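Should a chain be cited, it is by its letter among A, B, C and D, assigned in written order, with residues numbered from 1 in that chain.
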Amino acid sequence: METIKVAIIGCGTIANSAHIKAYMANPNAEIKYFCDIRKERAEKAVSDYQCGEAIEDYHIALEDPEIEAVSICTPNNVHASIAIDCLSAGKNVLCEKPAARTYAEALEMQKAQRQSRKVLNIGVVNRFNTGVNIIRKMIESGELGELYHVYVSFRSHRSIPGLGGAFTTKSIAGGGALIDWGVHFLDIVMYCSGDPQPLTVTGQAYCKLGKNMANYAYMNMWAGPPNYEGTYDVDDFVTAMIRTEGPSITLNGAWAQNIGIDEMYIDFLGDKAGIRLQYGADFKLYSAQNGALLETIPKFRMEDMFQNEIDGFLTCIRTGEKLPSHIDTVILSSKIIQAIYDSSDKRAEVSF
Amino acid sequence: METIKVAIIGCGTIANSAHIKAYMANPNAEIKYFCDIRKERAEKAVSDYQCGEAIEDYHIALEDPEIEAVSICTPNNVHASIAIDCLSAGKNVLCEKPAARTYAEALEMQKAQRQSRKVLNIGVVNRFNTGVNIIRKMIESGELGELYHVYVSFRSHRSIPGLGGAFTTKSIAGGGALIDWGVHFLDIVMYCSGDPQPLTVTGQAYCKLGKNMANYAYMNMWAGPPNYEGTYDVDDFVTAMIRTEGPSITLNGAWAQNIGIDEMYIDFLGDKAGIRLQYGADFKLYSAQNGALLETIPKFRMEDMFQNEIDGFLTCIRTGEKLPSHIDTVILSSKIIQAIYDSSDKRAEVSF
Amino acid sequence: METIKVAIIGCGTIANSAHIKAYMANPNAEIKYFCDIRKERAEKAVSDYQCGEAIEDYHIALEDPEIEAVSICTPNNVHASIAIDCLSAGKNVLCEKPAARTYAEALEMQKAQRQSRKVLNIGVVNRFNTGVNIIRKMIESGELGELYHVYVSFRSHRSIPGLGGAFTTKSIAGGGALIDWGVHFLDIVMYCSGDPQPLTVTGQAYCKLGKNMANYAYMNMWAGPPNYEGTYDVDDFVTAMIRTEGPSITLNGAWAQNIGIDEMYIDFLGDKAGIRLQYGADFKLYSAQNGALLETIPKFRMEDMFQNEIDGFLTCIRTGEKLPSHIDTVILSSKIIQAIYDSSDKRAEVSF
Amino acid sequence: METIKVAIIGCGTIANSAHIKAYMANPNAEIKYFCDIRKERAEKAVSDYQCGEAIEDYHIALEDPEIEAVSICTPNNVHASIAIDCLSAGKNVLCEKPAARTYAEALEMQKAQRQSRKVLNIGVVNRFNTGVNIIRKMIESGELGELYHVYVSFRSHRSIPGLGGAFTTKSIAGGGALIDWGVHFLDIVMYCSGDPQPLTVTGQAYCKLGKNMANYAYMNMWAGPPNYEGTYDVDDFVTAMIRTEGPSITLNGAWAQNIGIDEMYIDFLGDKAGIRLQYGADFKLYSAQNGALLETIPKFRMEDMFQNEIDGFLTCIRTGEKLPSHIDTVILSSKIIQAIYDSSDKRAEVSF
């Protein structure tokens, strides 16, 4: 396979912790550009990884005919515009999650993909997680019987990221706990239960614990220290109920809550068996047999899901295979998240 | 205070474990009749407690002018008719929870109460629980700040009662996990948050794990052994989301589920502090002060809530005081439960 | 802020573990001299930290007009003389705890500070500890009600430092467990309770377990191995009772005792609530509300108290702000410690 | 040995739980009178134990020449007057602890004993405890080396007895935590260290947590339910330091405190070994040998200390042996307790 030349747009945390090293570990890829509007971050990447060229304007990469693939690792507010530009320029795109700030933006991206006939995958990296794929197969094969309900908990005592920064500014991020964490959890549910169409969505999103920024007590903070001059107008707690063509789904999520217990798991309830998946870790299977109740702990080699994601992206550029991370699949959770925010605003259920 | 003569209607578990001994411990009460359509149960009570007279037909008690108070401890299907008969006969009534099988029946009971001007209290015994009352005061006094959401979990791995009996027959019980357990949990939420009016209700109730009775694996069973010839047509799992004039509420409840972890708690989420109440046990308060996160474990003398309930009932017969367990308050959770079942049937949100 | 040039006098444990790295982490400070009468220790510091000049005689630093700040990290016996020299030379001084061997020496230091109008802070580093400050605020705000008694326990099974060395020689250290450990504990009590004036002091200090040095059994020893040729004439156990204008205080302290349980804590007893602070760690708050007894565990980000101390020292050189570690405040615990030793000698209470 | 006829004066808790059954278990004793000013309590004793005669006025027993021995189990305020009456009438007396409300009263009792030449023992029952006697022998034999300090902790989170009753009324009980609990602990210390003469006493007694009776939160209460109409003017916290001809002693005691940890122990600190005695339970010995630190847990048959006390009392009536519970010994702790209260009032040390 001929080497694929890649441009990294946005050289922040997710680029450095996941994308760049996965491209470098793939023998068929070569990073040609590191792009960041903060030039020094692009330059640092060139220096750290000893490859590529630092640029400030991503159009330079788009105009370079050698570039076939682009990873978009920017804040959410420019996902859509950059992805559409890239596709229009004939590039294949891996865009970090969430697809976009809104469902409307995501639909524009999907449209651009269709017109360009290039790849547009979204960084729903759990679809490349070993444990998640085992669960998906178990459900598909009927091991759980009828999957009638899924309960999703992504609740943390204190985990607001970069208070006052891009993560907590709605015009940049599109939302808070739901769009940033919920998108991963919901994506796992959708993937494992066969991406069923949503029928009704009701939910409430609350902006409570971070809005009085000076009073927000915490032990540590990811994505940078607080910027008390910044903006905090996103959801730090969200609750919702979704009916689908498959199981019903309820969720409670919190970047921050006044319950001092972190509960990050998904319960898949089937009439024959059930699964509790600890997010990012292992899972247990509960079943029954001959009158006995069974608790099963599976062990398996956990592959590097980011590597799988990047490898899959590079391969499908050549093969044309449609991955589970394709915009056509991911658009569904974008639709659901939008509906939760809409339902929250009007305080009533949304029906499709 | 002159002694109040009492009739116990229904001499099953709840009568024996709670009502009868509480009346006997109250110096102002005297049990005159034990009534049960299974005469031998009434006779056993007379023999066990060395007082009263065993009757089969509760009308005998209603015609006795000495009887001032009645405890209704029957299955749910005759709550309404007996309560209405008692009130019409000028008796004061303490009726076990749930008020009735349906909201319509509960409204009939409320109407009968208003016409009779006698007491009609419902056995929402948690309103007489020490810990619950401490939480209620904390919320009322603003210690939690704005209470914006409550999450309710009453999920058990295996706890279907008397499979195939009165508890699992919809025409008798009116429902399953929701009406039997959920009524207690929802009642605590309503009580602690000031009995707010519901605005929207959406939910799904599932009859999954018990319906194939022979295949139901379990470790033990309360309310009697399985009757495989009986009926199982009630919910063993329920999920719902409720918007109120106060907090939003989500719940997941299971008499049985294929997740091998019992989770019986209520999370009260306020913007200043939160509480996790372990049902029937103690609670923790989570707050913050001067940048520190605080976890508080209260210890308190746990009073006998059934005794408080019965004492309160007897006193209010004399004083006319309206207790928190009055039908006028309890009717709200009856309305919500009905709406959850209705919403489940039509697979859409119910608005008031 | 213009850079402050600093001299470190004494390059032993406390200098290396705390002072030096805090100065280096402060952008406004620059260490110009490392001074130690054992020249090789000063030279090691220059080499380790890649800055400054090694000197043997601190007068060199005092004669350098660029030096504005001095940290005194020597044994206790030269605290007073060096601090007075420094102040007389117009330098600002941070002197490790205890201020001096005796109250008389500490008063001389205070006098020199007043004449020089320069800063003289003492290394009562717990006044810059996050948890201690939270407790102080709780007490100040009345959360404990009336603080009527404080019990202080600094008892270790076996912790005599450098047996036979500077720590255990009265003419150098001024005392043992009381002046070395007790000063910290007493300082926390004084700080948290608003630095109340002492009224009466009675106490007994015992030199028992270390005096027969060869027989002293121990598991490990801080501040160097035993020197069996050295001196051991200090207190390894002390007990005292102090009346103040605020709470009464009792203490039991042991560098070594024949009770195999380490108990290092301070109990603040208020009539509304109480606190047990585990020295160097976290604390619990005990209160009551609505008949319930509450146990509260605060979590908070623990700041680096040595960094806070040094940062505060550097800032107050510029601003003139009087910190809680100023000699004028710290002199009170020096007075109390002196009175405990005096009371022990004459076996009677000392009144002020 | 000829049977000794006994009168029990005061038929409350301590009589029923300890004295009466011990007399009944001793073949040489016979209870002839149960006396109580509440006649029904005396009558209940006659009925319960099927022996003796119920009387309301103890003078009936004093006038009965058959009576040789009297147990005084009344509230503290009548200990002295009844004991003196009994001795004057030629009876041998076992009087419950404390000897009296004040040192002056105790001295009167001692005087009456000397004049009567009859037995006057005080109910310092721990002097008949197996573990306490083992400790006493260890100290006496030099196993601890020089016993230089004893620390006494009798601190409970919540244990005020009969709030508003005899225990909490100073004119009846003479004091609170110190006189009721402290007397036992101090007595053990005095006994084990050879009843050394006190030299100086300083202390503070506080009446804080119970005085606002309605606000006193507690889990359970011994010696009866609260009487909110009653009096609460005794110490619920006490601290003191005592110098003796032997070891120094410090103590902290609490019937109630806002520290949620019960600590009921005595630490005996010797320069060779030390002991921590858990009150009412076992003890540990800490020593050193050949450079090793040793922790020793002794096991022994725990005898019934009340039985030992009563048996000893009965025997010494015949033999004339002076027991460790003789008023001449016990008077010392009465003197110390008085001095603590006096020192607390004048806020200064008391010297003898």
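We take it that a contact is a pair of C-beta atoms (placed from the backbone, for glycine too) under 8 Å apart; a residue touches a chain by one contact, two chains touch by 3 or more.
All values reported here derive from a predicted model rather than from experimental measurement.
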Furthest chain, CA centroid comparison against chain B: C
Between chain B and chain D, how many degrees of rotation does a Cα superposition need? Round to steps of 5. 105
What whole-Å value do you get for the distance between chain B and chain D if each is reduced to the mean of its CA atoms? 51
Here the gap between chain A and chain D, centre to centre from mean Cα coordinates and rounded to Å, is 71
Chain-centre distance (mean CA atoms) for chain B and chain C, in whole Å, is 60
Measure off the straight-line distance from the CA centroid of chain C to the CA centroid of chain D, and report it in whole Å. 42
Give the residues of chain B that touch two or more other chains, as numbers and ranges in rising order. 289, 291-293, 295, 299-301
So with touch defined the way it is at the top, what topology do the chains form here? Options are line, ring, star, complete, other. other
Please list each pair of chains that are touching. A-B, A-C, B-C, B-D, C-D
Any idea which chain C residues touch chain A in the complex? 299-301
List of chain A residues in touch with chain B within their complex: 144, 146, 148-149, 151, 157-158, 199-200, 202-204, 206, 208-209, 215, 217-219, 237, 239-241, 243, 248, 250, 252, 257-261, 267, 269-274, 276, 284, 286-293, 295, 347-349, 351
For the complex, which residues does chain C have touching chain B? 130, 134, 137-138, 285, 289-301
Residues of chain A touching chain C in the complex: 217-220, 260
